[in-house]
Amino acid sequence: MTPLPYLQKANSSFIDRDVTKMGDLIKEWSGEKIRGVGLIGAPLSKSSISHSGACFAPGTIRKALSGYSTYSIEDTIDLAKWIIQDLGDVSMHVTNIEESQNRVYETILQLFKEHPSWLPIVLGGDNSITYPSIKGYQEAKGEVGVIQFDAHHDVRNLEDGGPSNGTPFRSLLESKTINGANLVQVGIRDFSNSKPYHDYVNNHGVTVYTMKDVRHTSMKELMETSLKKLEKSVDSIYVSVDMDVIDQAQAPGCPAIGPGGMDTVDLFEAISYLGEHPMVGGLEIVEVDPTVDFRDMTSRVAAHVILNFLKGKQRGGLTFD
Amino acid sequence: MTPLPYLQKANSSFIDRDVTKMGDLIKEWSGEKIRGVGLIGAPLSKSSISHSGACFAPGTIRKALSGYSTYSIEDTIDLAKWIIQDLGDVSMHVTNIEESQNRVYETILQLFKEHPSWLPIVLGGDNSITYPSIKGYQEAKGEVGVIQFDAHHDVRNLEDGGPSNGTPFRSLLESKTINGANLVQVGIRDFSNSKPYHDYVNNHGVTVYTMKDVRHTSMKELMETSLKKLEKSVDSIYVSVDMDVIDQAQAPGCPAIGPGGMDTVDLFEAISYLGEHPMVGGLEIVEVDPTVDFRDMTSRVAAHVILNFLKGKQRGGLTFD
Amino acid sequence: MTPLPYLQKANSSFIDRDVTKMGDLIKEWSGEKIRGVGLIGAPLSKSSISHSGACFAPGTIRKALSGYSTYSIEDTIDLAKWIIQDLGDVSMHVTNIEESQNRVYETILQLFKEHPSWLPIVLGGDNSITYPSIKGYQEAKGEVGVIQFDAHHDVRNLEDGGPSNGTPFRSLLESKTINGANLVQVGIRDFSNSKPYHDYVNNHGVTVYTMKDVRHTSMKELMETSLKKLEKSVDSIYVSVDMDVIDQAQAPGCPAIGPGGMDTVDLFEAISYLGEHPMVGGLEIVEVDPTVDFRDMTSRVAAHVILNFLKGKQRGGLTFD
Amino acid sequence: MTPLPYLQKANSSFIDRDVTKMGDLIKEWSGEKIRGVGLIGAPLSKSSISHSGACFAPGTIRKALSGYSTYSIEDTIDLAKWIIQDLGDVSMHVTNIEESQNRVYETILQLFKEHPSWLPIVLGGDNSITYPSIKGYQEAKGEVGVIQFDAHHDVRNLEDGGPSNGTPFRSLLESKTINGANLVQVGIRDFSNSKPYHDYVNNHGVTVYTMKDVRHTSMKELMETSLKKLEKSVDSIYVSVDMDVIDQAQAPGCPAIGPGGMDTVDLFEAISYLGEHPMVGGLEIVEVDPTVDFRDMTSRVAAHVILNFLKGKQRGGLTFD
Amino acid sequence: MTPLPYLQKANSSFIDRDVTKMGDLIKEWSGEKIRGVGLIGAPLSKSSISHSGACFAPGTIRKALSGYSTYSIEDTIDLAKWIIQDLGDVSMHVTNIEESQNRVYETILQLFKEHPSWLPIVLGGDNSITYPSIKGYQEAKGEVGVIQFDAHHDVRNLEDGGPSNGTPFRSLLESKTINGANLVQVGIRDFSNSKPYHDYVNNHGVTVYTMKDVRHTSMKELMETSLKKLEKSVDSIYVSVDMDVIDQAQAPGCPAIGPGGMDTVDLFEAISYLGEHPMVGGLEIVEVDPTVDFRDMTSRVAAHVILNFLKGKQRGGLTFD
Amino acid sequence: MTPLPYLQKANSSFIDRDVTKMGDLIKEWSGEKIRGVGLIGAPLSKSSISHSGACFAPGTIRKALSGYSTYSIEDTIDLAKWIIQDLGDVSMHVTNIEESQNRVYETILQLFKEHPSWLPIVLGGDNSITYPSIKGYQEAKGEVGVIQFDAHHDVRNLEDGGPSNGTPFRSLLESKTINGANLVQVGIRDFSNSKPYHDYVNNHGVTVYTMKDVRHTSMKELMETSLKKLEKSVDSIYVSVDMDVIDQAQAPGCPAIGPGGMDTVDLFEAISYLGEHPMVGGLEIVEVDPTVDFRDMTSRVAAHVILNFLKGKQRGGLTFD
């Protein structure tokens, strides 16, 4: 049979022999040992207080990420030798939201049990997945510190609506999954949180950096201080990025957008700095809603968060052998 | 104090002294006796299999309805003397979908208990609200016949995703809330239903009119036949309109749009014909998703469904004294 | 290792055990013998006179098609036992348009040489792919008759812009790939074609049914007459659907939309009728531009064209053994 | 100097030597004698009751019109020998709406005084321009009959908002510019007009064809009856098309869209039939709002209204010598 | 009667018992004494030179404002004890623009006469409402200083189009309602104003800070200098915010968007600083057009302008007893 | 004949006698001597690797530019005495992309031969036009230095797709049209270029300023260094602006958008600084795709690039006598 030189897989894109894309590194997982970075989707957003299509974000973030080059020209670092395993998505129940949240917990815990060196990048979904994700992470890792980028405290009471995207850090603190002293909230925004909830996190010893702090102190300094504190008190550090921490002009595709937010470049610098630290063992990105975004701009920001995290990890000496 | 002649309530619209609009008839309910038509919203769509913003439809349908004139020039009938009570919305739980569905049932049942002459117009929400709505209706009314306009049978199994917008008629049949012989499905569309589910409804004695039937038989004839059958076997008839029965060009704002659907004029004729019948005691409209619509076109179609229903009721001699 | 019950492939959708979808029948081709229906994409639209994103249509049509049920409730026919092979896309050159067109020709011809019983469904792309597609088809099949659904003659001169989406039938006639007497154009629209080109097709003996003919004669009659004529003079019949034959309200995602076009139901009836005929051996769909469509409505119409073609083939007794 | 073979006027489009487009016939007027069809824009929509961008319609309709072929394949009529003069737009005052309306009147009247054989095609703007347009037309032509395609009577009282897009026919009747017996309203829609206004037009002897009439009687018959009546009682007939007479699925770009409207093909047939009549001496198109349209679909419908009017005129024997 | 626990007012949103929202403070006015902050809408935009839907901004700004928390985490100030009275909208005439502008003047003047301690927040509408607003304000307050945030001088001549959104400061200066020396224009942008108008404001002694000044001097310094000057020469200071002063990326929903504009954070800082000053007695926001905005981003910026103004007032010691 | 005071050219806009707009300076060229700034469009984007509508940018940039004032308030410079000639667009072949590129080259070269003092502003189109543009420019001007603003190197190999928007600087370097030492690339972005291509430009002696450099060094300093180097080694300097150098929030209408890009104000400062230099003899703007933009924001940025270039030229003493 003559070969068919012009027939290719449907929906293929242009290939330049001199370009390695992230998509070339990402391999669909088929059950083998996970030794490093592994993507996992948690496409849940029925748990959101307001209408949200964040369940579509694992797809759009993967697509945005796949198109970028593996090469950081700013640091002359190439990720091209790594492999990123794509573990797939946690399947969600159509009508039982708490069951869906529990599946996230069980899947993450079980993956850690069998693949203890897994470095998870969790793609939400809304912020409600943070509680089961970190609960699974904590059971595998021990004492956990969390650096949370968010415009909001996310410590709403659980009586008024159950475990939603407004409650994850309430659940983590109440269940003592994490200790308030080991939680750092960065980018908390004016007129976007109530006094009772500000009091609540203060009472739990949470470190809070508002946008005023972000405007007046360098991101490097805030992160350095945070890491220095956490490295003494925890076994592992988890980074949680609620994309609404970014200004609405730069991340228009979040449910709770508004002005006065963080600049993407500040976030990228923070993330690569954190990624460099050997105790930082997990990253999650939540609250990206592609159905209200403009040209997937917010998913592109999310992809750059991941790229900067990986760049940090390579700067920090992480190797996959 | 001098009056302020130019100050009016925020967001007021232009008033023409010679025009009575539906909005002039609709009164917010404050607990008094309900004697006739009463709107109630069931803003639930987290129960949908695919992402749906149908929870916003009660708002957009009310808004579209309010802007229309009370006067049918085709029948020279004016609804201007009626009052439509707007009972408000059933409040939905943020994270417990079955609880939300149960609230629909309990609210409708309780309303009927205290206001037996209520003529409900239920604004979904997705099609999952049909089961609790009709369950409440049935407990108040006795043997119920249902005329369902829908592209789909909606008799999916309940194992694969729980009580969703794909299952309401399965639940109604399995629970014997309605008898298959008392269910008429109109507008069922090609390549949009599986053979097992077609077999299921056939086995339950359901009457099925596909779009082929709709194209080849007049709507009046289909409705006449249906009513003649039902009036012998039931105590009351409920009309359920899943807006995706309409062609995608005319109702672009439904989750499951497609070509080959019903024409709006046929639906309007069917609805006013049904409304005329004294045994028809309830109407629901579901599966309108304003977040994906174009200029609220689909909510405008929904408003005309209601208008034609009311016109039918007036032709049929319904009075509110 | 414990199984991971909730981990599934990324971007999976809801599965109902009682529903067979077209996506379940479509299998990515891996070089084995092609025995029946095979999809092939020709994602070329740089050849269009006006700006066109029709190159994205193979993707959106495949996606729309995959979601439909295999079951025709109107004819109680289930396609569930068939297999549809997805051969992939012809790869297009970035900057050489004629090379891209030639790749379509070569790929189709070579596929027929090695898989003579292949029943191609070609997904454009713009209408320029029609010339290389039919040229390849003709070299494999002998004398070819074409039934073209289109608002336009598509016989522009080749001097003013080369082989574009306005010229395919000019090229086919001039190269004598097909004989004018064996070409039937259906749905040609008012004020959308010039007199010189109308004269041109008349001079070549082409059969032309304008929209006026379509409004005044039943589609069944037009198709019956066309097939009766062609079955005497050709070896094989190819059906070409330029989606702009449909009215702009029903197919808003074509480059050259306008009012006064065909109704989708008429097209579906024509297509299933044609599919039934044993001499009809190929189908193509062109000029769907998803970048200007509304909610992929036009790709959904395209999917129904394919479904009706397959229904016709099953009615006509086509079997895959 | 060597010619520059590849330099052309900015924004030129593709030229096919074998195609004559309407744009080739339309010439910018420079004060010479007007002998036949002349386009004039009345870009006023600040007079609308609801927010309207109909002021942009003269531009989008001209653009849509220019792209169509001059050739009617349905009637084998070519308009290619005609010239259409484009007189430009009436300039509108920024803040004085009544002044703007008066400019329409004065401009049209003065044009008729100096160019009595002018056959105007007036491009609105909103429906408020109808009163000054027809007033100017009437002063030039004598007794005028009007055939108005509209979902609405447009006879609102003038006290509640002044001369708006809801009042033109009130003004025409009250000022006795036209006689109620010489007004035919076609396409009046259910639940879109109040009883007092229906009574008003009835009391003035206006002929009203509702959409129910349109559905049950052929357009040819309605037009024939109307013309027969008018030709006895008037000197000249003016055709007014409010595009919202068309169903919202086919003309989505009008301020007051809704379901249950006229089909474009019916309108086109009516218009070409009317155009054929020698007493029909003017056409206007109003209420197209391009800012809320989808892909200029509604302006394309407007262009086809003009094309059918011109086809009718040619069928009727109009010549330009 | 049993209470109906799940029935709530239509369109209600989620309530968290621990969150006070601005919407909880805003009360519809019913004629009682106005003692502090009172919102008033001036929904006029027919007066705009270019097409504008700014008439819808009072609605979208109110909605955006209502959703924010009353708590400033940056200043640990809670507005929760205040009441904001919503006085409603000035009703606008459909066709008489100057009448509409006069209604703004009369309403504001009369409100001040009867409620001298009213602190108005005026929601435009376009910038034409500034002349009648400040005229009313001035008659009540005495000598008025104005700090205007705007990309444009807004001193167009009144001959070419009457009192439009391009003329308010011309009218204020010509009528001597304000003195040029008491006007400060901040954020005037390059290539967005003509030399004659720059000369005009210079000749009237207006203080002009261009965007170059804003980039090179801190906002605090510019405001401090401005207030120091005005507090000596005026009785009261009014703050006028034309939202197009902000960069188009951050306020995309203004008619006259462009690059090179102010950052929202700079505006917020200026506004809260100004609010703190006891002589600042009024705020207006104009030129927000929700019909061309993206996700109400610009209305959200407007809401933050109001929040920062109120925060400033509370920092400045304003009390409501 | 009485003049028609209110009749104006179609689509005219509001005229303020005290404002000179750029549109007043721009004159359609009719073959006379070109003495200074001349706009020329190169509407080609079929050459793009990804789908692009950059062919529409010459139209949208002209439109945006025409609406701005001629007056720079920041520099108190008025361009009002200049004339800008608009030479029109290079006509593009429908199906032969290399022919289209060659037409750009031939047209530019021939224009320079006959009009050596022409100062071209070239409006793309995609970046593929850079090679023929600069080739023509170089043949007229001698040794050429290029300052390229771009997120990307654009030195892809030519084997994988031919001369596309990814290859222009490869072609320029390989053909020795320019020398690597005379190329400055500014704004090169992280994870957007491959290591082999970074190596390629390094090997050719290209000066590369990444976004990290832009963040840490002032634009004035980068430009000063670049000009000092180039003025020694070249005869003329050409400025090439790929608009995707700007952050996606500020230039959302480019095919390859992303976060982490340049701020518009930095670009404007660079451009006016460069324009001031007498050796800078040409400007091009590419990769603006109006079909995916929001409210022509990116074309407005492009217009400001041109305005700043002209301001620089006037500051630099350029005169047109």
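Note that the chains take the letters A, B, C, D, E and F in the order they are written out, and that residue 1 is the start of every chain.
Following the convention adopted for this analysis, a residue touches a chain if its C-beta (ideal position, glycine included) is under 8 Å from a C-beta of that chain, and two chains touch if they have at least 3 such contacts.
Since the model is a prediction, treat every value here as computed from it, not as a measurement.
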item	value
Chain F and chain D - chains in contact with each	C, E
Selected pair, greater C-beta contact count between A-E and C-F	A-E
Farthest-lying chain, centroid of Cα atoms versus that of chain E	C
Interchain centroid distance [CA atoms averaged], chain B/chain D, Å	39
Centre-of-Cα separation between chain E and chain B, whole angstrom	44
For chain C, residues contacting two or more additional chains	14, 49, 94, 160-161, 249, 294
Chain-level touch network, classified as line, ring, star, complete or other	other
Touch relationships between chains, expressed as pairs	A-B, A-C, A-E, A-F, B-C, B-D, B-E, C-D, C-F, D-E, D-F, E-F
Chain F-touching residues of chain C, taken from the complex the two chains share	46-47, 49, 51, 53, 55-56, 93-98, 128, 160-164, 291
List of chain A residues in touch with chain E within their complex	49-50, 156-157, 159-161, 166, 188-198, 208, 210-212, 215, 247-249, 252, 257-260, 292, 294
Chain B to chain E touching residues, read off their complex	1-2, 4, 6-12, 14, 28, 31, 40-41, 58-59, 62, 86-91, 94, 103, 106-107, 110-111, 114
Contact footprint of chain D on chain B as seen in their complex	14-20, 22, 68-76, 78, 80, 249-250, 264-265, 268, 294-295, 297, 300-301, 304, 307
